[in-house]
Structures are given as C-alpha cells and as structure tokens.
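In structure tokens below, several structures.
Both of the next two complexes hold chain A, though its partner changes from chain B to chain C.
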Partner chain A sequence: MATVQATAQATGARKVKPNEQKIPLARVLGRWAFMWPILALNLIVIVIPSIAGLGIAFTEWSGYGQPEFIGLANFDRLMQDAVFFKSLSNNIVWTAIFLTIPIFMGLLGAYLLAGIKRGQMIFRVLYFIPFVLASVVNAQVWRFLLHHRVGIGPWLADLGITDILDVALFGKAETALYTVAFVDIWHFWGFLVVIYLAAMSAVDVELYEVARLDGASRFQQFRYVTLPSIRPTIVFTLLMILIWSATVFDYVYILTSGKPAHASEVMGTYLYETAFFRFDAGYAGAIGVVMTLWVALAVGGFVFLRRRGWDV
Partner chain B sequence: MGRLNIFGSGRSQSTLPNYIILILLALFAALPILLLVSNSLKSTSEIASSPFAVPRDFLWSNYGEAFDKGNYAVTIRNSAILTISTIAGSLTVAGLAAYALSRLKLKGSNVLSFYFLVGIGVPAQLFIIPLFFMWKQLGLVNTHVGLIIIYTALQSPFATYLLRSYMLSIPEEFVDAAKIDGASDWQVFRHIIAPLTGPGFLTAGLVIGLFTWNEFLFAVTFLPEKEFKPVATSLYAFQGRFSRDWGLTNAGSVIMMAPVLILFLALQRRFIEGLTQGGLKA
Partner chain C sequence: MKHLKLFLTIALLLFALTSVGAQDVTTVVWWTESGDEVDDFLIPLLADAFNAEHDDVQLEIIGQESLNDVNRTALQAGAAPDIIQTPGAAFIAEFVDAGQILPMTSLADQYGWKDKLLPWAYNSGVLGGELYSIPITYESMVLFYNKTLFADMGWEPPTSQAEIDAIAAESIANDIFPFTYGNASWQPSNEHLMGIYLNNYAGVENVYLALTGQKSWTDTEFVEATDLLATQLQDGWFSGDLSNYYANTGDDIRYELASGEAAMMQSGTWNFGSIGQFFEEQGTEWDWAPLPSFHEQAGEYNYELATGSTISVNANTENPDAVGKVIDYWLSDPARVLAIAAGAGFGEYVVPIHFTVDDFPAGTDERVARFFADFAAVTGAGRAGYTTWTFWPADANVQLWTDIERVWSGELSTEDYLADHEALWEQARDEGKTLPIPAR
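Take a look at the complex of A and B:
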C-alpha cells in the first residue's frame, strides 16, 4: 500500500550508491541480458512510436505513404479549430470536476471508514467493485439507468418528479459531458477511498488522542490531523487525476463519442476520430502533442515542487 | 492496513452517523450493478414497466440469446488468448527485469526505474497513431500476436515495479548461500528469487489479466475485424446493434462482468493491493 507514496518519492529522490565491487565485463553484459526483453519491447511499442508521434505533428500525413513536412501548420490550424478548443475546454472542465468531487467522496468515505471497527473490509470491497469492471460494462449500467424511457427517469416521472432524469441526458448538449463524467466518477471514486484509507491507517493514533484532549471536534480532527498527515498521498492522487483528465477516452467514446455536435468532445476522442476515421494523422499528432505537453507540465510541476523541498 | 479505529474506543463519539453515510455510499456503488443483473433476467416490456422490481419469471433465455447473437463463443476465446498470453509474456519479461533491477547492481538502474515511471505517464494517444500504421506495415493489425506484444509492453513496466518491491524484500542470505555454491545469476533467479516471488507474480498477474480483459482503446484500434475481437469491443458493438433490447444487452454485459466479479470477490486483497500499488496505470 505504501508504494503509491514510494513510487511518488522515486520520481524525485536519488539514491546514494552503495560500494561497488569490480565485476568482470562478461558478467556485467550477462546481467544486462535480463533487461533486454523489456527494453526491446518498450523501445518498439512506446519509445519509437512516441518519438514518431512528436514528429508527425509537424507533417501532413494520412498514415500511408511519405509524411510531408509542413512546419507548424498543424498548430496554426489547431489555433483556429473551434472543435479543438471545445475539446480542450471540456478536458479542463473534466479536470475541475475530477479534482473536486471524487476527491471529496474519497476523503469522506475513507475518513468514515477509518472511524469504524466492524465492516471496514466489506465497505472497502463494495466501493472498489465499479473500479474493476470494464468501461463497456459500466457504460451499459448507466446508459440503462439514465435512459429517458426505461430507467430512473420515467420512474421518478410517475412519482410526479419530471424534467430531471426523464430527459436524454447523454443526448443533450448541455448535459452530455457532465453525465459521462458522472459515470466515470462512479467508476473511479472507490479507488480513492482505498488509497486514502491506507494512508489514514498509517497516521499515528496518538495525534488523534491529543486532538481529542484539546476538545477537537470530528471535523477539526480531520482538518488538523488527518489532512496534513496524508497530504503526500492526496497530492499524488491530484497528479494522477491531472494526467488522466488529459487523456480520458473510454467513457466519452463509448457513451457519446463526443456527440451531440462535439458538445462532449474531449481531446482523446477528437484525436481518435481525426486519425482513424478522417485519416488526418499529422493533425491528430498535433493534438497528441498538446496532450503530452499537458502531462509533462503536470509531472514537471510535481517534480519541481518536490525539488523545492515541498513535502508532497 | 490493519483495521485501525482512529476514534479510539468509541465511547466519546458515536459511529452511527458513519454507518449511515457508509451504507448510502455502498448502495450508490453496488445497487446499479445489482440492477444490471436483475434487469438482465427480464423481458424488454417488463423492464419498461418495472425496472426496479425483482424479475417476475427469471428469463434465463436472455443469456443464451446474448451468447449466440453476441458471438461469445468466439470472443471469449479471443479474450482468453489475449489475457493468458499477455499475463505470461508480461510476467516473464517483468520478472527478468525486476530481478536485474533489484539484485544485480546494474549501472544506470536508477535511470531505468525512472524511465519506467515516465513510460507509465506517456499518453497512449501520443504513440498509438504511429504504432498503428507501423503495425499495419508489419501485418500485425488484426492479429492477436500484434495486440499481445502491445499489451505486454504496456503492462511490463508496472509489473516490474511491483515484482521489484517483492524481490527486494527477500533476505540476502538466501542468495549468498547459493552463490557460495557457485550458482550463476540465472540459476539464482530461476531457483531462488523467482519461486520466492510467487505471491508477487500472482498479484501482478491478476492486475495484468484484469487490464487485458477490460481494455478498450487498443483493442478497438488494433482488432477491428469481427472474428478477432475480444469480449470488450465486441460487446460495445453488440450494445449498439441491439440498443433497444435492454434484456439482451444487459445479459451480454453481465457475461463480460461475471468472471471479473467472481475473481475479484474471491481474491479482493490481492486485487486491491496490486491495483493501488500500480498507481498510475490502473
């Protein structure tokens, strides 16, 4: 469990090397042989195509034949592309939603769970279930429940509650993106509960006792003991959400494919249709570069704060 | 990970409000899934009239129909091939790498560890376009091997990380004894480190299997042809084709969900451990 943090630390910290004995060259090469398979695979599947991905952004390319170098033309085009800006702003909205609602739910669930003795395990398992189910399955769950003709909506309408859920939430421009985000939150928040609960379990119990002796309320205990103690874990989940929000694809593609009229389009789906349905691979590559810049800025900022001595 | 009660003995603070909210949250998480299952056993007309009631006649025939129309005999086989091969491939590749990184004092191994972290963060969308056209050239699109190679590459960094932490916890004495007997690096790996890392391989294998079974983006891109599709992307097409036949599409979705749910409930500690340690790629 602690490895989420350990992983976070590994990005920033450098280890001091222990004393090394002289090892014969043949043996050193032999040792590297253990690394060849993974390095070769990563080179072929991730490294080379990633470099190519940066490269094609500066070309006109259909995916077949020779890419033609066109400098920054694709980025000029992006700057005038209303659909791209709609996608980018949807990614930003998505980020804002995910940096708040699931975090709040995760902290709430974890804090309440940390405060009980019986049933902690069963709640943890229940919350985690949607996280292990496939996007295609979870999409079906909510496409059904939120359908304006069969799901919760008509049932509420029978009770006299109309115009809330008896409308096509996935099909309306004003609601499509938020409805998809809701489904993804439902799938994701339990993961945060488990991560935060693990971090909270490592907090020194005496800190709570001292706080209680000082007459701290439950909320004050949370605010002044729990939150500061698990801050590194929270910051790390913030970073993960920042990265994932740039690259979100599955739920949007499966539930709305960016419709209606690009109202729920995100960069991930726009890139996908640009590359694979309109065979404008060079232009799609430019969108990929924007997404990569987003991720690089997030990770860079995280490492920077860490180097500055922030305890994150 | 113990069941620590941060509110002490509970005399001063009641835990009843906790339970009320926790139960509401549990209903929020689990009820929709229960409704999926219950509505997979109804006719379309019954679903429309009473979506929240227990099924009247338990229409099991939805499952037979979904299995046939959804082509599950083929797609389950495809998913099994992809899942088992990816688990085997990733664990092999990652096991070797984890051994080298944890035990063999390679120069630059810190750089490599760092690279794997970076690799986990690189957006799939950056490399999927060149990769697709590269695979097309190589004739690997619409082949299971092609996707297995990709999945193995995607999953092995995470698995390496997980296995490495397991291997680091193996006491040095085990290895020293073997080395005195003249064992080579390979023999140490094969006969000491790998067997002692068993639980790590199990945890990593479960996570890799889960990823492969559920994966959508690469599957929809690299296996467009019907006969090669795994359950996930085939179910997606099936849901679109029979979008008004809720009983059928619900049953089809339950077929995909069932093995995951059963395995998860049986081995939840390992799943949760593996997925939360995997952090970034989950």
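Take a look at the complex of A and C:
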C-alpha cells in the first residue's frame, strides 16, 4: 500500500481517498442519459440565446437579416442616452421599493398568520391567489379600480374625499411608477407570506418556549428567534427580488408602457421599444447586457456571502 | 393471398391517384391578425370563394394573435407563410433590407395592379423602383363629433381654428371637454394628433417639402404646430387633463364622446367599425366632418393618406405565381373588397382600389359611404396629407410619438424635440431608410 502511494506521488497522480470507489462507466453513461434532455433544453433555450444576445449587443442589427459588427458603439451610445439612465434609475427605485415594502408586509403577514391555528389555510389561499393570476388580469382589475372616472376615486369623491384617488394615477408623472409598483406588490406579497410562513413553521418551537421563559415579548421573539431562524429564506427572497427587479416588464408594459414621458420607463420596456418599434435590436442587446450584469452582480454577491460563511 | 394482392393493387392505385392530385394543387398560406371579421367575412368571402373557383391553387387564411411577433419568429426560422402581412409600411424597408420579401413588380405588370390600386397606395409599396408591398387597408383622420350634443348646443362642425376655439370655449364653460383622446391602449396614438397638427397647421405642402428633404422640421410652421397641440393638451382640451389623456383607453374615449362628456374626437376612420355601439348604448348619435385647417397657410381641408396593414410575398415561397393569382383575385373585385370591409365595419380590409358608389353593399352606413366619396374627391384634387406611420422612417417615427410626451411635460423644448427629429430624418436619408413619398 505504501509503495502504491509513493508511486502515485512520484508520478503526480491524484491521491485516491480510501472511501472513493470507481463508478463503472456504464453507470456514469446511464446517469448522463437521464440528464441529457434537460441539458439539451437548457442549451437551446438558455445558453445559446444568451450567447447570441451578448453577441448582438456588439452589432448593428434591425432584428431581421444579417447583423453588422460595430464593436462597442452601442455601449458608447448607451452612456449618452438620457432615457436609458432614466430607465435605470427607475429600476433602482423599483428595487428599493420591492426590497422593503413587500418584504415587510410578507414578514408581518406570515408572523400574524403563524399565530392562527384555525382557518390559516384559507388566508394562505386568499393571499396567494393574486400571485397565480395572470398579470394581464391583475393589471386590468386595478386599471378599473383606479380609473379616474369609474374607479374607487370618483366613488370616494362622491363621499367628499377628493384629490386622492379621483385622479389618473397611471397618467401622472409623479405617481405612475409608484402606482404600477403598488399593483405589482399587491400581486406579489402573498407569495412572500407563503414562503415565510413555510420557513417559520420549521423553526423549533422549543426556542420560542425558552424565549418566553426568559420573559421575551412577542416582538422580541420575532426579532431574536424568528428572524435569525429564517434568515436564509429572507436572503433568498432578497436575491430573487434583486433579479426580478432588473427584468421587470409585464406590469409596467401593460399599465403605462413607460408613460408619461418615460416617467415609468424601466429597462425592460425601453429594451422592448428599442428592439420592436425602432428595429434596433443591436442597441436593445446592449440594454439587455446591462440587465444581465445587474443579475450577475446580485448572484455574485450571494455566492460571495456564502463563501464568506454566511448562512444564506 | 389473392385478396391481399387485390387489396395492395387498389391501395397502390389510390395512392398514385391522390399523389397526382396533390402535385397539381398549390396551397398559398396567409397569416393575418385573428378576429371575428376574419372568420366571418375574410375566409368565406375571399378564401372559400377563391378555392371554389380554382382547382390548381388553394388559399389558406389563418388568423394569428400578435401576428407581428409570430411573423418575426417565423421569418427568422425560415418558416413564414407565402404571404407576409405587416402592420404598416415602415416594416417593409426592414424586410427588404433583410432580403426576406420578393419584389412584386413583375406580378404587378402581369396583372395590371398599378391601374387597379389607387396611385398613392401603389406607390407607398415601391422601394428602389420595385413594388414590395400592397396595402390591404387604408384610412384617414377625421373629426368625429357627438351630433346630439352639437344639436343641443346649436353648434355646427368647425371649419376653421377660430370656430374650434369658439366651440372649445363654450364647451369648457359647460364642463364639457372640447376633445377626447388617450393613449393607454396604444402609446403611438400620440402620432395621430401630431400628424394632424403638422398637416393641418403647417399644411400638406410644407409637410411634403420636409418629407422630401427640401425643408427642415425645425422650421417655424412645425414649431408652431407642435406648440399648438402642446398648449391645448396642457390646457385640458383633451379629456380635461393630460394625465387623463395618458390613462384613457380606446373604450374610454369613445365613451366620453358618446356620453357627451366630450364634444369632438380627432381620430382615424378605423373608428367607423366600433364607434356606433357606444352611441347606441348612450342613446346619442355620431357623425364626422373633415378636420379643418388650423391655419391659413394650410389652405383648404385635406385628408391624410394612410395605409394600414400590408401584404408582401415571402422570399422563401415556392409559389410566387400562385400568390400573385390570389392577390389579383382580391384586387379585381371591388364589390368583394367592400363586402369584406363592410364585415369589418370599414375599419379593416378596405383595400385601396378604385370603387364606385354601386360597389358598396346595400345597407352601408351613409356616413361611411360619404367619407369614401369625399376622400376620393379631395385626395384626387391633390389635397392629400401624410400620416406619420405610413411615410416616416421607423426611428424618426418612434421619436415623434415618444419624445413628444417630454415636450408636453415641459421636460424638452419644442425646438430641441424637432431638432432631434430632423437629425433622425437626416440619418434615415443617409442610410437609405426613408419610405416612398407620393409625388404631388
């Protein structure tokens, strides 16, 4: 045995761990046989389009015919494009909103629901329904509810409550982005409730008993037991919100299309307009690269924290 | 064994017969935007009729949701239908650039399409001397008004800016919006208004000069036209407030007009198909009038020329001749064209060919027939304007309807907005991306 190890070291071969067994080739191939459909699907649907999308950003291309390589010209143009920066800043505002309000609502909702033993499932379903409804349906419902002529606002105005909702919230530059965000939060926060509730139900009840014996209030139990226990779930949702905020499109497109005067424009809607109305797919590709960088930074930060030993 | 041989012989004969039959029939596939008018009128009156009269060519019309998106993917994949339908002329230049459609000049010569189509409509599909597309509908901009309200208020349809001002003043004094409009359903609706103000304030001659590079979009007439619209919007002439304009859908604006909340609407003749039901619900009556000139320099009233969807021949089709036969069948029968258009409420499939009064189906709304008669007379006399979605290159067109919102919000000056517009026109000319402008 000693001779074998010495020979291996002398030849630079990998040291074989005592419990490592060689897997038969047939079994390895068998495993790959089960893997290849999903790998092929990922290759076709994700990898190839991603690489193509990256390549397009360095071309002038209408979306039809042959693209022409133009180097970094699209990125130069991006740096001088006021509408792009307006979109980017709106994405940042959007992210700030979603990293705070729905998270707070989700945690609060889940914590309150966790204390309910009877009928909890009914609330879970009720909160979750907006999340599973199509965005077009949700958007249309809120378009009616917030309509300046037939929605809640005029009804409140009849009761004497004026100048709050009896205005076109989707049509005012000051309110358009926030109103769309409100609708999206309405659809999204129930999802967070269900996620956090599932995480909270996995927390050891003995921790709460100990905390109670130590005289902790409900808030202190939440602060010192619940929050640390579900931290990985919270970080996961923060990461997902960071990613989704970069690619936000549907609610903005349906409700305002970035109007008025780009006040609610986000990178996704600007990319769409650039590619499909201006026939400038190359420039749209450059916007897409910025969105991808945003996502890469979010994921990179997550990986970095894990490597630093964070329990996320 | 004997039975088996007999069976095989019969099967072989049947196969041979069907194979011969299949080889003789060419199928032309055309994807169009799906809708009730396609199932109820276009397919029965065009495809079924064509197929009944032809043994060698069969036409298959398939309705598609979001046709433009479907076509884009299919073209890239080389799997698009024989007839390519686009939402408008601006798309054609891109398709031609990409080599994805065939020139139809030889088919046009063979079938005499130049004589069958209205001259400006034929020319709108010519690029570099070749015919690449044929509009399958045309439209113009008019002034819709609530006839019941006008009668109650003792108003007549305005024929000048002064008369518009007078009606507007009286409307506002009575809590009525002078105009209704909105762009929540379709942001490019901004260009409907911009086009009207450019043509009816600066005048069609000046617009023509700017389109052909003989005049700058930064000239005073265009600045004033843009400012006039901006001022009216900012003063609440359109649905009471600019924010309402941004939040109004197509249904909202037709409701505002029908209910008498608004007096007038500057919009396209595509509304012929849908406006009636709103007025029926409200128990009021609608009518239309030509949009008046907003300034003396614009001369007598005009109608803007506008083509809607277009059709072209796919460069990958194996049967361009069969496609030509199908298109010619449609263009050659005005009564059939108008019967299909009537099914769509004259909002779609009004192919720009020569009609006579007798071609209109019985029961055609007098208001609709009046429009087509006046349109032919006025544009025939040379008083034809230009819609932005038919004659503007893509980039300049998008800038026109997106950045105008920055002018309306006060974020961008009219001068800077038009300077950007002029720059995009110059760029389009340099890149050869301008669209055909019918000579005056």
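As a working rule, the second predicted complex is superposed on the first by the 277 of 312 C-alpha atoms of A that agree within 3 Å, B and C clash if a C-alpha of one lies under 4 Å from a C-alpha of the other, contacts with A are read in each partner's own complex, and residues count from 1 in each chain.
Please note the rule applied: a residue touches a chain if its C-beta (ideal position, glycine included) is under 8 Å from a C-beta of that chain, and two chains touch if they have at least 3 such contacts.
Because the structure is predicted, anything quoted here is derived from the model rather than measured.
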Chain B and chain C placed together on chain A: clash or fit? clash
- Message: Under the stated touch criterion, which partner chain does A:Tyr64 make contact with: chain B (first), chain C (second), both, or neither?
- Response: both
| task | Determine, under the contact definition given at the top, whether A:Gly171 touches first (chain B), second (chain C), both, or neither. | result | second
For this session: Report for A:Leu293: first if it touches chain B alone, second if chain C alone, otherwise both or neither.
Result: neither
First (chain B), second (chain C), both or neither touched by A:Ile161 = neither
- Message: After the superposition on A, what does A:Pro260 contact: first (chain B), second (chain C), both or neither?
- Response: second
Determine, under the contact definition given at the top, whether A:Arg149 touches first (chain B), second (chain C), both, or neither. both
- [ ] Figure out whether A:Arg278 sits in contact with chain B (first) or chain C (second), or with both, or with neither.
- [x] second
Does the superposition put A:Gly268 against chain B (first), chain C (second), both, or neither? first
Larger residue footprint on chain A, choosing between chain B and chain C, goes to B
Which of 43-51, 61-69 or 151-159 hits chain B? In chain C, it is stretch 61-69
Chain A contact set shared between chain B and chain C covers 63-64, 143, 149, 276
Given the complex, residues on chain C that touch chain A span 68, 72, 75-76, 94-95, 97-100, 183-184, 187-188, 241-249, 252, 394-395, 398, 402, 405-406, 408-409, 411
The residues of chain A that touch chain C in their complex are 62-66, 143, 147-149, 167-173, 176, 256-263, 273, 276-280
So, in the complex, the side of chain B touching chain A is made of residues 1-8, 10, 12-13, 15, 18-19, 21-22, 25-26, 28-30, 32-33, 35-36, 39, 47-48, 51-52, 92-94, 96-97, 99-101, 104-107, 110, 112-114, 117-119, 121-134, 136, 149-150, 152-154, 156-157, 160-162, 165, 185, 189, 210, 213-214, 216-217, 221, 232-233, 235-236, 239, 246, 249-250, 253, 256-257, 260-261, 264-265, 268, 271-273, 275-277, 279-280, 282
Contacts from chain A onto chain B in the complex sit at residues 1, 3-4, 6-7, 10-11, 14-15, 18, 20, 23, 27-28, 30-32, 34-35, 37-38, 41-42, 44-46, 48-50, 52-54, 56, 63-64, 105, 108-109, 112-117, 119-121, 123-137, 139-145, 149-152, 154-155, 186, 190-191, 194-195, 198, 200-201, 203, 205, 208-209, 212, 218, 221, 226, 236, 240, 243, 246-247, 249-250, 253-254, 267-268, 271-272, 275-276, 281, 284-285, 287-289, 291-292, 295, 299
